[in-house]
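What follows is one structure encoded as structure tokens, with my remarks underneath.
Lettered A, B, C and D in written order, each chain numbered from 1.
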Amino acid sequence: MPIRKLLIANRGEIALRIIRACRDLGIGSVAVYSAADRNALHVRYADEAYPIGPPPAPESYLRSAAILDVAHRAGADAIHPGYGFLSERAEFAEACRAAGLIFVGPPPEAIRLMGDKVAARRLAIAHDVPVVPGTEAEVQDATAAARIASEIGYPVLLKAAAGGGGKGMRVVRAPGELQDAIRAASGEATAAFGYGGVYIEKYLERVRHIEIQLLADSHGHCIHLGERECSIQRRHQKLIEESPSPVLDPATRAQMGAVAVRAALAAGYVNAGTIEFLFTPERQFYFLEMNTRLQVEHPVTELVTGLDLVQEQIRIANGEPLRLTQDQVRFHGHAIECRITAEDPDHNFMPSIGRIPAIAEPSGPGVRVDSAIYPGAEVSIYYDPMVAKLICWGEDRDQAIRRMRRALSEYGLAGILTNIPYQQAVLASPEFQAADFDTGFVERFGHPAAHTDPQDRAALQRIAVVAAAIAAHLDREQAAAQSAASHAVEGPAEGREWRQGGRPRSLRM
Amino acid sequence: MARTYLVEIEGAEWLVTVDDGPDGLRVRIGDEPEQAANWSLAQDPAIYSLLLDGQSRQVRVVPDPEQANTWQLSLRGHRFSAHVQTERERRLSRVSAGKQAPTGPLTIKAPMPGLVRAVVVQVGDTVQQGQRLLLLEAMKMENEIPAPRAGTVQAIQVAAGETVDTGRPLVILA
Amino acid sequence: MPIRKLLIANRGEIALRIIRACRDLGIGSVAVYSAADRNALHVRYADEAYPIGPPPAPESYLRSAAILDVAHRAGADAIHPGYGFLSERAEFAEACRAAGLIFVGPPPEAIRLMGDKVAARRLAIAHDVPVVPGTEAEVQDATAAARIASEIGYPVLLKAAAGGGGKGMRVVRAPGELQDAIRAASGEATAAFGYGGVYIEKYLERVRHIEIQLLADSHGHCIHLGERECSIQRRHQKLIEESPSPVLDPATRAQMGAVAVRAALAAGYVNAGTIEFLFTPERQFYFLEMNTRLQVEHPVTELVTGLDLVQEQIRIANGEPLRLTQDQVRFHGHAIECRITAEDPDHNFMPSIGRIPAIAEPSGPGVRVDSAIYPGAEVSIYYDPMVAKLICWGEDRDQAIRRMRRALSEYGLAGILTNIPYQQAVLASPEFQAADFDTGFVERFGHPAAHTDPQDRAALQRIAVVAAAIAAHLDREQAAAQSAASHAVEGPAEGREWRQGGRPRSLRM
Amino acid sequence: MARTYLVEIEGAEWLVTVDDGPDGLRVRIGDEPEQAANWSLAQDPAIYSLLLDGQSRQVRVVPDPEQANTWQLSLRGHRFSAHVQTERERRLSRVSAGKQAPTGPLTIKAPMPGLVRAVVVQVGDTVQQGQRLLLLEAMKMENEIPAPRAGTVQAIQVAAGETVDTGRPLVILA
């Protein structure tokens, strides 16, 4: 029986994205929300919405029992987990199944298999999928870890056995750093995934991160929708993604796609999934891991293929066969996504929290904004600092970049600091424009100010000087007028109240 | 009326005259020719449109909540902090500043609420500018709190595992 | 020499659209503005902006001398007229040429030729382009008009000899209505185009409006970018446009495209232009007129072809040859545009003016918003009531319609009334969904309330009842609390000030 | 505290009890079962989120600037005007309304600023509801101003060619 009412076990832009797909398909949508999200757009735009607990995720968005209870009460027949939170927890997919609910995602067995990085490596090796040299088991203790790392040779990479998205990952360049790094990685993994196991891989230098988007139905068919290049990452968190990759030729794309399809079929995979590869300067590719969920960066694939991945996910979950064969997948133009985060790029990407009193979103030709910000929204410490995604399409990479730079220049988010100036500096750099980068790009790139044209910067500074002088001048004029008026009418009291510390209240936020 | 301001921005100082005449604002930077300025509150809150001899710039201007006579500006994603005073105000502020101690211990406060994961310095340590003092977890990421200047760690006011609110004193540097 | 700095002689969304194309191409942009538009987005987003006069268009956006003076002062080397205002005035294109400026549009000779509807008809006839039966000359007086109308047979259509867009048009169904209609049409034409001449055509019943988008370069090449179906019109103002037309087959498309290209080449046409056809139930098409400018509805063509029409216009104005041959034009999916107007559909589309304190724009997959509204914007009586365009793409017409209905449901514009409920009713109608319509659709469709599902309406009414009761309840509770507090602290004065006429100020706009 | 309201909307009348209890708002329509309501000012100005037994609706609610106890609501693009009173308020307002004349001449005012293109009725004409009285040009379009009810034209207060502001009396119907 097809899905008629879908519960979205997530928040933010992805919850809104899924609600939109429900509406486009004529399916009812049920939102859940923590106390921090009562006024969030996903609550307001869904057909139904129910509270599931206090702001911290472990007390709300990670409470599978509470979410299943809402599904039962609301009469939902399916659950979409989005990304993050419960999306890659096999037990949650199992619990949905046990409760008679359709889980819009892969079967728990596939989540468990591919979520166990060690098992996934074994599966890859067994099916002739090239893998990075490394351990096939989790590290048991510090001594064993040191021995393994020496065998593989530094630099090595520590990775969380559960989960992905860069959490619980650390590059270790020398034996002396190993112990601290294991502690940090394991701690982060525990916090993020509830499980602290880590394993060790060879850390490949100057590699690109290229991933293949897959769609697999429950009838044994699997196709790929081309690749996404995600090499612009900071601390293993992607910042910019694009499709197609500027370095893949059609033959390599077909080869990587075929390998990815083979791995997914071997894993018994169903629904949308992504296989991440490392791509070396020698044009070798290595299986990195499989993300058994919708990716943050799925819109770039949507813009170049014209497909709606969430709608496809729901069709697959309904048991429908894929609507396209591999040959029917067509690619048009180029798409780029910039993740907009509430972080201060001038101060080591420190999270920036606060209220957003005003927003100016970019728009116009080739621009898509996936966001859940609204005027008055609060960016809190409880959730991911990614507040929006800006996705631009162009007929070629050059046009997509130009539109992205234009769109970023239009994006106004008052009240918080964002990584937009950083994204602008990256897009303006000759390296990015020439697609001459790898996953170490951000580390080498340094402070955005170093990449701003000094003439541009000087011109902006002049404008700031004039604006500050005018603001100060009008402040004093207004204060003088106000003071004169208040003396004349009712004495100095009102004037004093109105002006505090030399500034008119009207200019305060 | 016309007034001349000393504008300090990123270490440089500019002399700007603003004249609020009958034909609108006129602005002169240093001894450059005067320019016509059109300044308009385009959108709440505090988003202004500036036309300076026709050049259009959108700029958000808010007073610094912590420092008098200081304005925070953002302009095409770039941020500036400007200190603006008239000559007379400058002289007065110098007189009053002279009465206070010019430097002293620096308290490093939590820039956001979070969980202290580790304190990586000890009392008595000498630290360089930019050296990390502690790790604060917020939004599921560990954030390094660096020393804003060189100094000696005089006191540590939090311990690993503690949850702190914004503004909570963390470390005092002498 | 290629254009380096472009002056945009327009306002609103189209000015912003052109500024965005300039930024994408790395060209400087110069805005002009009336006193009503000082804070408009086109002023804020352009590189430069200059005032040109008071709010009424004849004193600002229609003052070609003032605009040319700004171009000179700012050092612009080209002018884009957008649509409306000066865009189809041959004298303006001539004045640009005389001033050594590139006019981003056709040569003045082509504007004059095609703008003179009578001459355009003669040209069409001379080149075997089918035309609607009618006069080839302007009506000279009421007696002559009555005679011509009787000859052609009622119903007839009065049309302004200058201009388009439905202004100065009137259907006349009976001889008795003719005189009033001539007066109204001529008056409107004078107000809109500065020239009151009208002519008479046979009014065809149950026809569709289908237009062909053309691009012609200055080297004698001309291609078409397919058609737009624009049959959903009210008083000859388009409300909904889509591409492709649901009724055209590839052979008819090719035939209409070839006829349109032939007419444009015969007219010596250069740059983007549109030839409008009437399409009868018998699948005959008749030349209606040529719009010698960018159309409001150009984005639907952009979404199905992947081309940026404004960028192409600028390239053509630079003297570049077309980048595509006819064979290289590809169409993907289906696009629909809804014009969002500040009009009250419940009261005969009466203009709704006022301040827009808050906006919620739709977003997400397949949605483009071309708008120049910002929080705090004023919709004034001075300009066109169209405040935004919502354009949705889908892989087919069904998906495009579903996305449009979703996007319209997300669109929030506080402070003014809009035609959004009307657009929703049209999109929900079986006739629209079956593409069973013609240019008389809107006249027959009637009041949107008549098309709302009574159950839906009843459900909404229940919610309104509850919301009103809660608002009234909290109002009373708050007033009681406030009154108690003010009595306790400082007497009733503050309470009285705060509450006016039984309502808290906090709820006021 | 709980109160019962008479809500008039589109000619229908509803009885709604709102109870502002310790567990939040509870609402009862007529004798239907009580429902839990969660009402939150989601966004300025006046955009509320209502969760009624989980059903999510966004609704803009503003007081009618011209009629007391009347609320204008917009909801998924649909607009409603609701008159809300308690039983007691209703009795009081009926008493005071009784003192006024129930009907009288009706002044038709300009709904927007514009230019009067033509007045198509004359003093003494009998008009039907919906019949056009004059043509007002605004935003480059001619707008017909219809009679809101049937009546006799008692006075015409503008002439063709005049520019009028919002609220300017145009025609008085007896």
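By our rule, contacts are C-beta pairs under 8 Å (C-beta built on N, C-alpha and C of every residue); 3 or more make two chains touch, one makes a residue touch a chain.
Nothing here was measured: the structure is a model prediction, and the numbers come from that model.
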Steps needed, at fewest, to go from chain B to chain C via touching chains: 1
Between A-D and A-B, the pair joined by more C-beta contacts: A-B
Relative to chain C, chain with the most remote C-alpha centre: B
Averaged-CA centre spacing for the pair chain C and chain A, given as whole angstrom: 37
Averaged-CA centre spacing for the pair chain B and chain A, given as whole angstrom: 31
CA centroid of chain B to CA centroid of chain D, Å: 51
Computed distance of Cα centres, chain D from chain A, in Å: 46
Touching two or more other chains - residue numbers and ranges from chain A: 45, 358, 360, 374-375, 409
Residues of chain B whose C-beta touches two or more other chains: 43-44, 55, 58
Chain-level touch network, classified as line, ring, star, complete or other: other
Contacting chain pairs - touch in the sense defined above: A-B, A-C, A-D, B-C, C-D
Residues of chain C defined as touching chain D within the complex: 167, 184, 187-188, 191-192, 235, 346, 348, 350-353, 357-358, 360, 381-385, 408-409, 411-412, 414, 417, 420-421, 424, 452, 457, 460-477, 501-503, 507-509
In the complex, chain C residues that touch chain B: 30-31, 38-39, 43-50, 73-74, 374-376
Interface residues, chain D side, partner chain C - complex: 1, 3, 5, 7, 9-10, 12, 14, 16, 18, 20, 25, 27, 29, 37, 39, 43-48, 50, 52, 55, 57-63, 65, 68-69, 71, 73, 75-80, 82, 84-85, 111-114, 117, 137-144, 146
List of chain D residues in touch with chain A within their complex: 38, 40-44, 49, 51, 54-56, 58
Chain C - residues contacting chain A, complex: 16-17, 20-21, 23-26, 45, 299, 302, 306-308, 310, 332-333, 358, 360-361, 363-371, 374-375, 395, 399, 402-403, 405-406, 409-410
